[in-house]
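As structure tokens, here come the structures.
Heads up, the next two complexes both have chain A, just with different partners, chain B and then chain C.
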Partner chain A sequence: MAAAESPSAALRRRDLCSRGIRLAGKMRADVVDLLDAYVEQQGLDASASVAAVEGVPLAAVERWDEQTGTQRLLENLAAYRAFRALLAQMLEEQREQLGEADAGLGRALAAVLLQVSAFAYHLEELLRLESRGVPGEEGDEEEEDGPPPPPRLSLFEQKLRGLGVLRELAQWAVRSVRDLRQLAKPSPATGAAPGLVESP
Partner chain B sequence: MFSRWNWVACGFYLVLSICSPDASSGFVQSCGHIIPESPVLALGSNFTALCILNESCLDFGNIYASQIIWKIKNRLVPKEQYREINRTVSSVTFNDTSSLATPLTCNILADGQIEQNIYGITVTVGLAPEKPKNLSCIVHQKSKFTYSMTCTWYPGRHTFLDTQFRLRYRWPEQIFPDCIPKDVNNSCTIDDSQFFVNTEIWVEATNALGKAVSDPLVVDPIDIVKPLPPQNISITSGLLPTVLQLVWENWISDAVMTLKFNIRYRIAGDTNWMEVPPEDTASPRTSFSIQGLRPYTEYVFSIRCMKEDGVGYWSDWSEEKTGITIEDQPSKGPPIWRIIDTSQSPACWTVHLMWKALKPYEANGVILQYELTVRDKSSLSSPVKKYNVTSTNHTLQLREGTYEVTLMARNSVGPSPPSVLLIPASNSKAPVKNLRTLPKHDKLWVGWTAPNNYVLKYVIEWCLMSSSSDCIIEWQIVLGDVQGIDLKGIKPFKCYLITVYPLYADGQGSGQSVKAYLKQDRPSKGPTVQTKKVGKAEAVLTWNHLTVEEQNGFIRNYTILYKTIDGNETVVTVDPSKTEYTLSSLTSDTLYTVRMMASTDNGSRTGPDFTFTTQKFGKGEIEAIVVPVCLAFLLIVLLGVLFCFNKRDLIKKHIWPIVPDPSKSNIAQWSPQVPAKHNISSKDQMYPEGSFTDVSVVEIEADDKKSFSEQDLKPFDLLKKEKSTSEGHSSGIGGSSCMSSPRQSVSDSDEGETTQNTSSTVQYSTVVLNGYRDQTPVQVFSRSESTQPLLDSEERSEDHAGGADSTPQRQQYFRQNGGQDETSTDRPCFERTKQITHANEGDLVGFVQLQISGQSSQPLGLGMEKNIEEAAVSNVLQTCTEGQTVRPETVEENPLSVDEMPKSYLPQTVRQGGYMPQ
Partner chain C sequence: ESHTQYERVGADVTMKCGSMDWDAAVTWTANGTDIDESHLNGSYLILKNVNLSQSGQYSCYEGSSWHLKYQTNLRVGTPPKEPVLMCRSNNYPKGFYCSWHLPTPTYMPNTFNISVIHGTKDMVCEKDAVPKNRCHIRYLQLFSTVKYKVTLTVTNPLGKNFTTLTFDEFAIVKPDPPESVVAKPVPNNPRRLEVSWQNPSSWPDPESFPLKFFLRYRPLILDQWQHVELSDGTSHTITDAYAGKEYIIQVAAKDNDIGTWSDWSVAVHATPWTEEPKHLTTEAQITETTSASTSSFMAPPTTKICDKGAVVGSGAMAVCWTAGLVVAAYSVLFI
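And then the complex of A and B:
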């Protein structure tokens, strides 16, 4: 994977993994806190079941152990790009619904959005270190053909979708930590690079 | 009235509008303008402005560029800086914009001297912003989920212009909104800070002259976090008295940041913090057990935290929490000491035992009581006495002896180890040596040299000396290996008496004492001096010692300063032990002012002035003057007396004129006892051996016939001594006046009675010459001072002698040497003086009889002649003592001629109703 990785690149990769793990851990903690606030704010039942969010790859995956590093990074990047769009949409909807009345929830949502963006940046950097090109965002590609009009959802459906986004994000944060730890393990070819065994 | 003023105001405004350059766009067009319009210039740069005239004005008013003058404010710009570009454009150049000011105006000199403003601009001069430096950021945790990042920088020099600073930050693919500082230009706070992404932060400074950008700071905000300190700290005491457990909560989750901690603690009331070793708390945790604490002690705890890897900032210290460890039994026995009072009886002691309460870290709890045990070591049979005491002292009545006192302090857990004090019968062991003190800031160090023997402990007693109250003893016990301690609580300027006792295993050494001051000052007052005794050239001064409260230090010496009013001050230094001093070599009869100064090591204080005046004369001087003067006076008197005595004849001549000798008168013949004729040619016959002259003067009132009776004449019997015959002979009536008793007659005659009553006063003088021993007196004569004509007396002698009726009213009787005083002064000259005995009063009256050498007096009467003779002898003896020349030889030297030989009358008997001349 990084057979010809230079010491500085290895250090950079290690640093990115470390920060990514920490960021994912914090993101999960913040999302969990945000979930409680969101459920309370939106008047939802915390135990309500929500269907899978469209456009977000599922965190749960079979044969996770068999995935390559690049594959992990690509799946993570796709997921967090989707979360970034969804969270931005949620933030917009939140402002439309509550205005400035609940600035706290909006700030927390914006903070999570920033963390998602930051994590996506980490993933892109890691992909660059893997000498792999960073795939373009789907939105950019679709802009040429014109994006399909988003399905118009009712207010309750928006709330449920938001709940589903946050739940899936929390799961993805856990998976991302595990993915990055897997990536951070020293490869046989890069034995000089110290392994990272950090808990989120 | 009001409308008229409105019209004037409107007209004035119209004129201003025409002249104003700003009115060019209005209905009146300006005659020119300046390029550039209101520029912003860099300080120190050069600058050129152009004034361009309108063509219309050229035609209208014959105005050309050559007439343009430039002004800065109201100051004319030198014409060297002008340049006429063409007939409508003039330029002005400034090499340094620092000389510029606002406004810069273009003016025209119309019609020669009339100056008219064409246009003006505002010039702003400043500096371009400097590159901001020293950018640094810190992320403050505001709450559990919010963090704000504050960045500060150095904005650079003042630009004199409006300069905007903005803090910018970004991720590689995301730019965040700028942070614009409010009210300041060197810091800005970003409210939402996201962790785990390297953020590029920089500062941009912008003003009209340019823009400057700081070096970027790339940092992950998680590495510059200052977290909130731990909260909800609780402290629980465990089973052990030396352990407390702290439990707390962290504001920040482990998902964000793992923490390490610092724990500090101190004893409540103490200011010194102790800290748990950092390595013990370098891992994430929410509790910690602190060990090694003191039992039953209140501790104050505080915690702080930071990122576990040490990158970032420590949080503030948490709020302080207190916890108390549980009790333990006392760690040591109380220090104990004693004071033995033997004032009642040497054999009966009043022992005041006193001990110090244990310090909290020694008591380890609340002391419930002290258990005191007294054992009489001199008598093994005596029972051990035990006392439970709650105070820190106890008084015992003990017989003189050796005792062992044991003391234990007990709290709820148990007793302390015992403290043992041995009270020996006598302090006969060796004392400490070389006891000394040394002030050290606010402490007084006491040091000593240990005795040669092994010392268990030392007891240091000290007390504040006072003149008004007893010394209240404080004490301290130190171990035997200590040879000096610092006494605390010592007040400056106070005298302390410090005593050190060595305690041995088998006894106690005698105490050594020293007086000491922590700090000395000059005395609070000076001695009051006064004189005890003042002499002519010296004065004894006395004063009282200052009290110990007034001394403020060791009195090193007294200084006496004394001076006269106009003289120099003399200084005398006196030993401090003295209370008296004698000033010598003073000037007599001079006012002196004296004052006294007491000196310590740190200064002196002078007492009040005292004045005294030395005496004019010294001791004995007056006596030395008076005594010689008196002696001289006495000498002069004596010389005068001698002179008078020597010149008595001359004096007598002048004072007592020579009275004719009555013996020569015929009246002498009337005496029937006297032989009518005496052979007076031979002096032996006249003064055989010891002649005697006895003169008595008796005044008798002539008109009282009774006065001549024996009662009136009795006092005259007392005559003891006789004058010498020569005196009586030579002086006669007049001579006696120069001596003593005869003076009476003089005074009598001075009183004028004699002269005035010459017809009534008759004076008689009787001179009796006794014969020697049993010889018959050869001659007896008497003399009268009667002023009566002698012839008349002679003629009337019969009448005179026979009847007193015809005598003058006053008569005087002379008795030789009749003065009593002389009798007393001449007494030593006599071998023996016989008292005068009274004669038979029936027959004799007032006759004086003097005897010599034990001859008894005999009654007067028929033996009269014999007695008179003996008296004459005694008078001769008497005169030798007086140094007079009245000796028998003297008589020989002054033989009386027959004519001068007195002839006296001597009535031998006195008849009743007559008188008795003596």
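And then the complex of A and C:
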């Protein structure tokens, strides 16, 4: 079934993609600044390798260019929802550890959390535009449970995990810009997102 | 019996005449020239503190029969120093290449071996035919935070050395410079130059991975560059050029989101449009002018035959020094 996307839907999609690209770009810049501040204030080594942390969505992807539009949106949405929870947790830990001592870092974390939430909402809008149902948040992941409290980590482990979270978020922000650019292109017949087929 | 013998510069070298006894009578030659007996210890040839010029073909002949008993190709050189390695992605997101060289020659054959590890995964770097000291890798993953570790080992008959580079995917992204840079004057606009260029042909997908550009320009007579950063498009109009001055212009490119700026493009030169001064017609036309015509002339208002700043007077009577001299000269002619 090939249905042409209506002109208004195409315009709306391009508009959402453009705004999403700007959002992701700003988010990335803020995450990079936050990463610098976090490394410094947590006394970490910026070049330290952090093993993949459970629950942190990895931006790394194989055959990225072969993904459909829907795959891109769904993977992005799952990632940012996970980051929303992870950042909220980091903020909570930050407040517990330092109280008022590091309000600047806390504010920066909160600002990024806000952008992540906004971006997740933006992705939901794009999915709705594709006439795809927006996946529910609970019970969506198979392997990891997002919000349920993980085993209590030591302070150092919390810091390292925070580093891992912010690094992956920075990568995701770049990936999201690329994904939205792909989405904004007029899609060819093959590999097009379902519901996003345009007749020439 | 013949073979190749590799020795380090400064070493003491002893060459035996094959299986001949120490006390056999032999003659040694180097590249066909007899070697003085003072270098011999019995039938052994002794070369002390060898240098590069002593590389060559050494032959040993049995004393009376002049039968060739042994031949060796002596190559004097050095073990390899730490190689210089560079990795770069000029075709993101397809992959990256690494290239290498030795800082100083060894004067003997060297073998290079490169290994690339991404996390725990070994990757194959495919050697390029040209240039030979280069190999390329296709990205299997994009957007990975895991670093790449590239180790280059160089080996020659006298020893080995190695170097290692560690980097992440984004850090090595550096496009080639923009291509086909063209700068043209804009008709009837003495302060404008129109510059256009193309994405480097090695950049595979500028639509999905757009480049941004940095333009720099200056008049040849000044050292200071003007800079303009452009986030999209492959053209730009310079609007503040000095009238009549030749400009030099270059462009650089960078991925919009990651990596570093390319090198500057090939420089192009252009001069903004200037109106042809109408009175400066050919000499023949001037000398044919009859005395009935005015003995002096005024340049039409739009004519610019001198630089700003060399103007004397104002308003309708404004002329510049050079024009004044020309007027005076022709006035004298027609009196």
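Quick note on the criterion: the second predicted complex is superposed on the first by the 171 of 200 C-alpha atoms of A that agree within 3 Å, B and C clash if a C-alpha of one lies under 4 Å from a C-alpha of the other, contacts with A are read in each partner's own complex, and residues count from 1 in each chain.
In this section, a residue touches a chain if its C-beta (ideal position, glycine included) is under 8 Å from a C-beta of that chain, and two chains touch if they have at least 3 such contacts.
Just so it is clear, the model here is predicted, and its values are computed rather than measured.
Contact with chain C, but none with chain B, is seen for A:R181 once the two complexes are overlaid on the shared chain.
Contact with chain C, but none with chain B, is seen for A:S49 once the two complexes are overlaid on the shared chain.
In the superposition on chain A, A:G20 makes contact with chain B only, while chain C stays out of contact range.
In the superposed model, A:W172 makes contact with chain C only, not with chain B.
By the touch criterion stated above, A:A111 is placed in contact with chain B alone, chain C being left untouched. Contacts of A:E62 after superposition: chain C is touched, whereas chain B is not reached. Judged by the document's definition of touching, chain A residues 25, 28 lie at the interface with chain B and also at the interface with chain C.
For chain A in complex with chain B, the touching residues are 19-20, 22-23, 25-26, 28-30, 33, 107-108, 110-111, 114-115, 117-118, 121-122, 124-125, 200.
Within the complex, the chain A residues that touch chain C are 25, 28, 49, 58-62, 64-65, 167-168, 171-172, 174-175, 177-178, 181-182, 185.
Against chain A, the residues of chain C that register as touching in their complex are 93, 140-147, 170, 207-210, 257-258.
By the touch rule above, chain B contacts chain A in their complex via residues 145-146, 171-174, 192, 194-198, 220, 222, 253, 255-256.
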